[in-house]
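Going by the order they are written in, the chains are A, B, C, D and E; count residues from 1 in each one.
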């Protein structure tokens, strides 16, 4: 059962990621991106990370991608078709290199072996959300606070970057 | 049955796809998306590890990655918009006033 | 008194300083007399010292006076110190005496010259260095004087510095001397490295222990020293500077290039008689070079028309005689001839100067003739000089020259032959000059009105004439007891003689000597008659001879083109090589490499800069390259 | 449920900066008059308070927030260095922005946030904190780089920085993930413990390598340097200075803390990589700088080269290397900020005069400024008795000590080449005449103060380096 | 000689104080600036004389030493001291300080303030280089010197190629000195590692026998730095450019003092620190020196520019210095040290001479001149004297040095000496030829007719140099005596240390200072005596 789900979701994710990279029409890119997100969220659930999966859906598929959508609409890039996109430059070289990297990574990753999943006791009892929340607000309190600063900075930044020069 | 390697491989593929996106796409917005893709791939790795190590640290880390990603997207898009306003182009390859 | 020997060089030095520093405002006469008096003073001192020296035991006639330590470094210890022995005594007297006379003469001769003061400064400075040279007690101090006189001759030859030929001649003299000095310096090094001292007495005392008879080192050393001597005393192959040196004022030619400086080489060889004695092969070299020079220079002398050049070549050849003497081991005779030569050659030059003075600077004998009446004193003195040099009996040259010929005969008949032939030519060209100048019909250009020189010039002439007439009697060879001069010098050369004769001294062959004397007198007379025939009886004779063998005459007249050969072979080639070194090696190669490196760096830089395409993707690409490199390194290694 | 050991005192300096930032943001809204001056005053006040708050760290040797941050001399040293950089930047920025005619108080806010981010980054003992700090810093810098409206260069630099920054942080994260997967934790202490006992997995190595790339990117080391020249050229000059010293300092500090503190067992691997990177960096930086005409770009390449020298120190390793790095960073802070202050001044409105030729005859028109610039140049070129020389000296010594003599030889040869382009500036200032008389400069008080401070700093720690060398040595002890 | 007043520090930093003062004076009042500068230079000179008066000529020890800890953790100390080797170089520097200011009085008229500051700072640097006995301190001074010279050439040089010459000078020097820095670091580490105490104190480093394997490379690093500065044959090309383009005073300082820093460096650092390498290298260094002598002379002979000619003559002269130094005999070494002084005096003076004519005619081409001695008799006298002293005429300074050098060389390597001696001939050729072309003959060029003879100021500039030329020539003991003990000590130290190193090398054990200190401390101790006192 789990295996089946994994392959289905994995297929969806990879396929839509492919589309994100290759399809020319921005709107479709966004939609496929959202699809990738959803796929990932599914995989997260398979991995007993329900909370993260939810956040994934809400923050990513919800907020972030909508932001993209806004921008595309705002600048109505949808009609815009850039010549020779995808492609151009020395892209093939990059891709080639990434293939090499991947080829080298696979044996490395193989190091982790085909270990059977441990029983996810720690991360699910009493419930994943509880565990995450507890960790987040005890051990990781400081980063959490710093993150707020980060977001604030990003906010101000976004404001002054797009502010019209008056 | 699904092992850790499956997930790692999947994420690696996603990561590579993200990089490919950055390398091949000219549309700035989509380049940003590809960056997101890379980050997501990393997220998957983290989650997989956290599952197989049975430690929640990875999941927490992912949350932070998401925060950062969101922030980067916000700023990135802002820059994209202002550049588009000034140059009327969203093509990454046009952005090369400064070189050498 | 002897302890005050340092006064001798001091006086002229004072003269030099007075004239040099504050002489600007002095009148000519004052300057001149200051110079002359200073030298005279040292002459007086020298005489006093002579008396004191004579009063001593013959064996102990060698005194050293140290003034202060000059150089002191490790085992090298060189004092400023004087050595008074018969040899240096003779030299001191000659230098101061003749020098004094020439100073007086110059007052008259240089009258009205612009650089009058400069001239006397140089002259005094010269005397100082010459005195240092002859009275030094170690090689290095001798070398100091040696270079000093070189400098002064450079300055005085180039006295008329606005004349290119003059300054050229000066430079040539200095450089050629430097070549000689180079050899001398090496000789000094060799001596120091073997003896650990440069003091004459110590060196000569140890010589026999340190050097094996005829050993390589001693031969090398002596040859090096002799190179120095050839430079200073204008011997083959370094003689070329002396004839050119006649560019200087005549008193200079008389003092420096006839009487004193050029004889320094002879003095030095005589001084090192012990060392030379130890190296028979070097002795031979010295003798051969000397004889050859005597002969060779004489041949050139025959053809010259410039009266001073004739005298110059005769000087060269006479110096050759002196070296011949030293070479055959008759150092005493060499020095004796040195002294007599100092008298009559100085006399001749001064007389020639007086002629020049009378002829308004004209030197070409073809434009003279029958000056006898107009210049009685000059003629008389010149005549004495000529007779003396040609070895007419009972004048100075007769004794000294015959002694030399005798000893060379004893050594090897070839040497005697060289000498004899040279003597023949000497008497020929000397009488030639005499006749061309003072006898025959006048060829003097109209615009020149000849007049006798002032007393200031004639008096020294007369004094010198007397000297050259009588100097010979100091040393009448044949009769023992009358050769005081030889006896006087004997202690100096005794050790050398001992070495040469290996103890068993063979006696003086009187009959032989007398016979040879007669022969040489005959030679002199033959020369006289020949000259008389060619220049009085039948003046067209020379012309015929020249027509008969034009190219021989050409060659000889142009001094066998030696100067030209030197120029092309050494001077020009070196200059060309230097140009090449500068333009090509230095600028193209050495500096080229330096600048090349710089420009390569710049090129490299602009190459690297091209990597910065300005495209984000390329930047990302370079990051990826980094990634693959790092991971590759970590995984594959 | 137990709360972590919350020790606000420990993170007070950063905290103060954040608070100041927020306050300034609010105040700024209501300011109508002298916005820049007042915001400068406020930020300076905040920085000074932070200085004070930082002092106690020197004596502490503990960690807070359940091992998230270390409160130790190391953090102390870097904190005050960062504060110094921030202060100088703030001082010289006012003049710049008033010239540009924009009163961007947010600029100061973000500067403060960036500094806070750096502080967290350098004091973080958990990759998560380091990462978040890094990103706080980066995001603020992206924005600041692009904060000049209607200036394409500025926007372009921001964009390039952002894209490549995101790219590299993704790589960084992947490395972190691999480490996490191998060691089961991202706390530096745990990592150290894990690698200390047991074998080094290839995944660990790769993770380390990717981490290294992430840091090398921020430190502008070849071949991860490409963003540097463009971003430096496009960003507002004072900020360029801040990037060159602050960001570099933070990056290297974290770099050192992670690699010396957590991954010493892998040194065999990473020091060799760094060796090569250092060589490439020194060569490329110096030689590419030879041919630059724009001084900001030239200084950008020179800062790449300096990254190379600092890497030499890291290769050297040991406390000598680490302390050398710290001292070098300090020296570099003074020197480079000073240089950029001059550049900002000479650049005038709209950075119209950033070409080397614009420095012609500066010695005639503004002798004092020229002298100051020369001192900074000498320090950059490493000529005694300036701070730069002592920095190079300590760095090279560390390498020699570790037996990397040839690395040092390459270092000195490249720095000999660097003399050429550094002295070109000198040449322009002193030995050439301007073709047209430029308008005389007017100095802002802030800039002058910044210049004087930098100048004094360069000379003082150059001539009397003792104290600072000892402090640096003392600060790095916690790492070992 | 216990003197509480830090005399050496005084003479080192007085000029710097002067510079500071000048810095705060108004650039308009040039005369005032010049007076201030010259006064400080004179004070400095007086200080140097005081040093001489306090100097004990019989001791080889480092005297008047001053030692303050500078950077304790690194064993860097502020350590000044003077011994027989450095004494005269310091005096030379002190002498040329005021002379240069005086010489530049009319010459430099633009940006006088900067000029004077450069001169004063440079003075400090030069004195410091000769006095520093701490490797680090030495390096600092060594580099410090670079900048003022660079500015001097670049700012007041003649417009044509001054920038090229200036940067060439700097790059050349920097390459060398940076490699030396590496060697210094290695030495510092090795010695520290072996002895346990890390220090840059030269006296302590002297005692450390550098292992044979490492010596040659380190020696080469030092060699490069110094050989470039000297400059020796293949590294000499910066010199003619620098000399020709620099202003008069620049060339003077360069010739008189800066070049000596290279040769001094050999004596003070390269040789005693790495004796074995130095001895092994002696043969080829000697050859380079000979090439320098002959090559320099020949190239000088055909120069058309007086300054270039003198520059190449420097190459030749410094060839002598190197030759004598690497003969490792008392005479050779003393000669070469004395020759440093001689070259400083005569060549410096020649550059002044050339500068004076350049001031009047604004050309240095030999062809432009001729018959000058007719219009400028006094000038001619000075020119002649310096020419003669530079061609090594007995009775003047040049001869003493050259003779000692050649003698010292002859003892160990006759052929080197023979070839070297040939340089004496060529020296006569090129100098006299130049002199003849410039000074003798008719005044062919009308521009030369109105030339004025030397002014009083110019005569005052040259007179003291003449005095010293004659003094050294006539009574060199004044100068030879004080340096003899140090020179002997140096040579014996070299010998001993060489032996120790070979010994250790044979044993093949890595050296501990403990077991070899008895071996060298003999030489070390007398050198260290003074230093220990002040520690």
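As a working rule, contacts are C-beta pairs under 8 Å (C-beta built on N, C-alpha and C of every residue); 3 or more make two chains touch, one makes a residue touch a chain.
A quick note: this is a predicted structure, and the numbers were derived from the prediction, not measured.
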item: Partner chains shared by subunit A and subunit D (touch criterion as defined above); value: B, C
item: Most widely separated chain from subunit A, with each centre as the mean of CA atoms; value: C
item: Centroid-based (C-alpha) most distant chain relative to subunit D; value: C
item: Rounded Å distance, subunit A centre to subunit E centre (Cα mean); value: 71
item: Length of the line joining the C-alpha centres of subunit A and subunit B, rounded to whole Å; value: 7
item: For subunit B paired with subunit C, centre-to-centre distance based on mean C-alpha positions, whole Å; value: 98
item: Subunit C-subunit D separation of Cα centroids, rounded to whole Å; value: 79
item: For subunit A, residues contacting two or more additional chains; value: 89, 91, 94, 98, 101, 105, 108-109, 112, 139-140, 143, 147, 150, 153-154, 157-158, 161
item: Overlap residues in subunit E, where contacts from two or more other chains coincide; value: 171
item: Subunit C, residues touching no fewer than two other chains; value: 598, 609, 612, 614-618, 620-621, 624-625, 627, 631, 635
item: Pairwise chain contacts under the document criterion; value: A-B, A-C, A-D, B-C, B-D, C-D, C-E, D-E
item: Interfacial residue positions of subunit E with respect to subunit C in the complex; value: 168, 171-172, 234, 236-238, 295, 298-299, 301-303, 329-331, 334-335, 371, 373-374, 388, 393-395, 399-400, 403-404, 406-407, 410-411, 414, 417-418, 421-422, 424-425, 428-429, 432-433, 436, 439-442, 474-477, 480-481, 484, 488
item: Complex contact set, residues of subunit C against subunit D; value: 598, 601-602, 604-606, 608-609, 611-612, 614, 616, 618-620, 622-623, 625-627, 629-631, 633-635
item: Partner subunit A, residues of subunit D touching it in the complex; value: 1-4, 6, 11, 18, 21-22, 25, 64-66, 68-69, 102, 104, 106, 109-110, 113-114, 116-117, 120, 126, 128-129, 132-133, 135-136, 139-140, 142-143, 146-147, 149-150, 158, 181, 201-203, 206
item: Subunit B residues touching subunit A - in the complex, by the definition given at the top; value: 1-10, 12-14, 16-27, 29-30, 32-34, 36-37, 40, 43-44, 47-48, 50-57, 59-60, 62-64, 66-75, 77-82, 84, 90-91, 93
item: Contacting residues of subunit D [partner subunit C, same complex]; value: 159-160, 163-164, 167-168, 171, 202, 205-206, 208-210, 212-213, 216-217, 223-224, 226-227, 229-230, 269, 272-273, 284, 287-292, 417, 420
